[in-house]
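Two complexes, one shared chain (chain A), two partners (chain B, chain C).
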Partner chain A sequence: MSAAPLGMTGELARRWERSRLYLWVPLGLFMLFTLVPFYWMIVFAFRPDGSTHPYPWPVTLANFKLVWNVLGFGVFFKNSVLVGVGTLVGVNVISALSGYALARFSFRGRGFLVVGLLCTQFVPGVMLLIPLFIIFRHLGLIDNLVALVIADTVFQLPLTTLLMSGFIRSVPVELEEAAMVDGCSRLKAFRAVTLPLLRPAFVAIGSFAFVGSWNNFLFALIFMNSQDHFTLPVGLDYTIGEFSVNFGALAAGGVLAAVPVVLVFAVVQRYLVQGLTVGAIKG
Partner chain B sequence: MRQHRAWRQTRRIGTAVATTGMLLAGGGIASATAATAVPHSAKPHSSSVTITFWDDNGGPRTPIYMHLIPMFEKENPGIKVKYVGIPDPSVLEKYDTAIAGGDPPDIGAIPGGDLAAIVAQSALVPLNKLYQSSPLNGKLLPTLLTATAASSSNDKTLWALPFSGVPSTLWCNMVLFRAKHLTCPTTWNAFFTDAKALTNSSKGQYGLTMRGAGGSTNQLTDEMVSYAGLTSYFTKNGKSTFDSPRAVDFIKRFAAIEGVDTPNDVDNGYLQMVAEFDSKKIGMMLHNLGSYASNVSALGGASNVVGLTEPQGPYNKPGVLNMVAPGLDTYGIFKASKNQAADWKFEEFLLSAQANGYWNQQVGQLPGNSDVLKQAWVAKQQPIKSMLAALANPKTVVVPAPNYLPQLGTIVTNMDTLWQEVLTKQITPQQWCSTYASQLTSAEYLWTHGHR
Partner chain C sequence: MSLGSRALAVIEPVPLAPHDRGAERHGRARRRRKALAPYAMLTPLVLLILGFVAYPVLNVVYYSFQNYNVVEPFLNGFAGWSNYSTMFRHDPLFWTSLEFTAKWVFAEVFLQLVFGLVLALILNSAFRGRGIARALVFAPWAVSGVLTTTIWLLIYDPQAGLIGYLSDLGLTPHGFTILADTHTVFWAAILAELWRGLPFFAIILLADLQSIPSELIEAANCDGANAWTRFRYIVAPHLRDAVILSTLLRCVWEFNNVDLLYTLTNGGPGTETTTLPLYIARQAITEHNFGYGSALTMAGFVILLVFSIAYLKFSKFGASRGYAP
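On to the complex of A and B.
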């Protein structure tokens, strides 16, 4: 089927197809919509206060100094990294175990558990705030970053467990069985044979877990009670006052919050695509 | 046989692993519920008491408390204050969860608009007796005290004490006013005339920026009360006064200038409105005292900004001004606190002329402590001076807002949407006023008949 617009024939149609404008125009428009907010953020972050230039000139780092030194983004950044990495590890370990069980074992209530997992996705986090708050208070975990790691991990596990079970199912069980015939225990067979093949899955799930935790505002706001334990999303809210908004600081904070996520995706995107597609087709 | 047993064992392990994973994955409720029996960690007692203070506008106001708290700790060596700045947009959410979860702070700054919701949860300590026996007694501005009591209940209980007020304010860009040889208007008739005179739509210049979206009803209510000369939200029979012909007259006149003497403001929230005013192409903005600092910064200095009370209404006798009681910032002590004596000590300090003066000077708001009015900086801040003169004028009628009504928040949010329908001519000003009045009357009826 030709991609040329209706009525376009001959050389014109061939040129149109060669130019691939039918791809570039919509993609370009999409990019524009996606990147304009980023450009806005960069302009406000690097532009001096009071400037109305549509470009960041003269460049200033004053907004970054303000958010890092005065608003405490240095501490928020460190906390976000700790919680993000903790969640990444927790989610990967637990979803590998539960995903393995779902993929490899047939047990009573398995279908019910899968449906149950899917159903938890319909419960908004905000509904569980007060019960979780009470639980963490009794555990002595209010104002402790461990509470954030637990809450973020728990909220991401239903989805990541299902994803991981899909990944594991795509690894032929015969590979593990061959290892077990050669004398491996099930755990060793899993560790030695299946685990290395799941690298793209760990990267994909880990990325989701890290970014989900990195962006989580509500848990950090509600479960932390010290300036020293807040994370970046709470810090960003600090720039919005009752009667004023410091757009420069907000944008600089936004850049600081976005850069690690962009870097993570830039590094792992190869694995990410691999990971997302590996469980998609089952022979 | 051995293989079969091993396989069954493996299945059992698998089931256990899966179940554990599911329990953790499914919200963690089961495992965590069992953990509720663990006692809350008790902090060791020491000679020094630490109290936790929540600031309701963390970020912009953090440096102010970083200045004040060391002063307090120096004066009171046995008390340490742990400061927690809560971002302004999320204050009520944070308080609500902490109260419901049983772990509120010892003392907190509470916006006047959120006070009723917190009082309704029985979370605060009444402060009447503490205030009466304190050196502060008689020092706090009576208007703000009355408004604080009215914010949470319609008896005289003080569940918090006011440290700052933000009365509704008419802001004028004096660069544009001077260019037209005009002064910031003091009557509503002059306001409408000036809005027209300052408008030059071909140059993108307008007389007024209007709040069309979120928060519009609260602002409109202040203006309607002032224009119509209303003395109360309700008649003695509990019927709202907001559908009176004078109120409708105001809504008609005000809605008529949208898109004529204002830019297209139907979707304006607070941020868009302020951004328009700060663009230097708008003559007037109706907001409150809280935007003083940002207006001065955006318009190039205090000499370019004038802030006055809402203008005088056409139905009022000369010199009589009706104004809705100022918005409030208050300090409350939480019932769950184990150190209420230390909390009160800190609250007394924050409300002292020294601390309260410093706080309000930094943010440009009306101080809660009347002794602050003698401080030199007050005389230099024209909008505060103007507000104080109006509040001290015996002819001024201060109308308390019924913030005690639990439905008030929902009503004003509904009315915000309907205001957009007035501006887009889908409903008439009369319909808007009738709906507003009817909803307020119903809420007041429920309140007075004990349905709280």
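On to the complex of A and C.
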């Protein structure tokens, strides 16, 4: 990346090299492209109705009061948290169980299972909307948040299972064996030795699961009927349709939907690059 | 969601655990219980996948041969190939949606890959404040399709939006609704999705860039390699497999994801920006035509399957593992 543009020679090329403009200019453009849209939403959310200033001043919380109390975002927010936490727990527990089996045992059908899990990535939720709707209707779970927890969990599990089994493999099996020699059962050895070492795995996978469920739109749109069971994305879609004039309210709803995932993202973003790197090196 | 990124970390074949020596010392009952243990642990996962992925897939096959419309239940019953013949012969929207899907996926993945690679290369060089720069430019990764729509509607609104400033500069006419114009809607949607999708490639390629052994770069520098030769002979071959796999995952993901288009354009104006999955979603949500929707879904399955196999074969995935060209 550090080559001087064609035709630049001598002093000019050295100055170009030293200024590192070839780095800062594109980076600045990427930053603008990423951050201006966020900034613009924040401006809309915090400035008073009717203001056209390109900055949120004077600051008002009127938009937030409106969406939280009147438009039902308080309820949507609560529903999103419930479904997100349910999915987080379900995904972590089930992928720890099955990830351990994949990492520590050799058994018949193991390869078939791994291939099967990868194949599910080509069968995404949109394509299964119709049969899933029918299944949940049979189970009496339409307009019930449990349906969302199940659906969100299922579609996260294949990858989180494989990811968790990778994390478990990276904990030396000798540690567990040593504990078992000392008289631990396999379960106790896992709980006392491996589990504490898997904390980063639970944080990373839990965050993925939470963000995935927090952002899921179509399942909530189709499986939930009453406004009491809407999640934030459905609430936003509803606001886009109903109140297309009230941009302040729309932006405030958007900020409410953005804050939790951005916070979670701030926690996991260092795992994102590092986690992937570890996996890549091992191959 | 860009969850597909995780597959890269785990796709390598898994070495088996070393043979458990302790087992030989115990009785047969204990051994049998041990042999069953992994299956017991996998039961919840397998049951959920069978019940909520495998069974629904079989259902789609079944419904695609049925007349199944919630609004017209009196017509329900076996339909033979009629859903398929309607799709292929009497439904121009099927073909135009396919054409738009191809355009959408290609443009989106191409742009995300190119800009994602540039961003990854920038973020891989050492500079002050790199950590915070990464956190900031990766932020849209966590944003949902509906929230992306929310954000870009605020930009694209002809009166209140940021685009109004373009009109002030005389670049676009005042009151220009970019999402209602058939010439501009494509690029407006592409830009919004690019904003959200760029971090996916940047994150994956950055992870892969960091796994290049620094000795290789130093050796190349000793041999007098410049930036371009380093990129051409070390970086590019190293990134090859990651690029192939991530573009495939992204193609599948962009093909299937309907959140953004559903909320931003709703497939419009008219049916201008209707992808095949968006068409399927509409069959399910507004038409309640489950039979025909299932036939469309089958078409989507087959297209994805054929495309994925052809792509992996054609790109010779995994063929090169060394660093030499």
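By our rule, the second predicted complex is superposed on the first by the 234 of 283 C-alpha atoms of A that agree within 3 Å, B and C clash if a C-alpha of one lies under 4 Å from a C-alpha of the other, contacts with A are read in each partner's own complex, and residues count from 1 in each chain.
Definition applied: a contact is a pair of C-beta atoms (placed from the backbone, for glycine too) under 8 Å apart; a residue touches a chain by one contact, two chains touch by 3 or more.
The model shown is predicted, which means the values in this text are computed figures rather than measured ones.
Superimposing the complexes on chain A yields a three-chain arrangement in which chain B and chain C clash.
After superposition on the shared chain, chain A has more residues touched by C, the comparison being chain B against chain C.
Once the two complexes are laid over each other on the shared chain, residue contacts for A:Val262 go to chain C alone; chain B is not touched. Of the two partner chains, chain C is the only one touched by A:Asn215; chain B is not. Applying the stated contact rule after C-alpha superposition, one finds that A:Leu198 touches neither chain B nor chain C. Contacts of A:His138 after superposition on the shared chain: chain B is touched, whereas chain C is not.
When the two structures are aligned on the shared chain, A:Gly116 is found in touch with chain B and with chain C. By the touch criterion defined above, A:Val149 reaches neither chain B nor chain C.
By the touch criterion defined above, A:Leu35 reaches chain C but does not reach chain B. Of the two partner chains, chain C is the only one touched by A:Gly254; chain B is not. In the superposed model, A:Pro26 makes contact with chain C only, not with chain B.
Put simply, chain A uses residues 94-95, 97-98, 100-102, 104-105, 107, 113, 116-117, 120, 123, 128-135, 150-151, 153-155, 157-158, 161, 186, 221-222, 237, 240 to touch chain B in one complex and chain C in the other. Interface residues of chain A, counted against chain B in their complex, comprise 70-71, 94-95, 97-102, 104-105, 107, 110, 113, 116-117, 120, 123, 128-135, 137-140, 142, 150-151, 153-155, 157-158, 161, 186, 221-222, 225-227, 234, 237-246. Interface residues of chain B, counted against chain A in their complex, comprise 10-11, 14-15, 17-22, 24-29, 32-33, 35-41, 52, 56-63, 82-90, 93-94, 97-98, 100-103, 105, 111, 166, 271, 274, 287-288, 290-291, 293-294.
On chain C, the positions that touch chain A within their shared complex are 1, 3-12, 14-18, 22, 35, 37-39, 41-42, 44-46, 48-49, 51-53, 55-57, 59-60, 63, 115, 118-119, 121-123, 125, 127, 131, 133-147, 149-155, 157, 160, 162, 195, 198, 203-204, 206-208, 210-211, 226-228, 231, 242, 249, 252-253, 256-259, 262-263, 277, 280-281, 284-285, 290, 293-294, 297, 300-301, 304-305, 308. Of all residues in chain A, only 1-3, 20, 23, 26-27, 30-31, 33-38, 40-41, 44, 52, 94-95, 97-98, 100-107, 113-114, 116-118, 120-135, 150-151, 153-163, 165-166, 169, 173, 177, 180, 186, 208, 211-212, 214-218, 221-222, 233, 236-237, 240, 247, 250-251, 253-254, 257-258, 261-262, 264-266, 269-270, 272-283 touch chain C in the complex they form.
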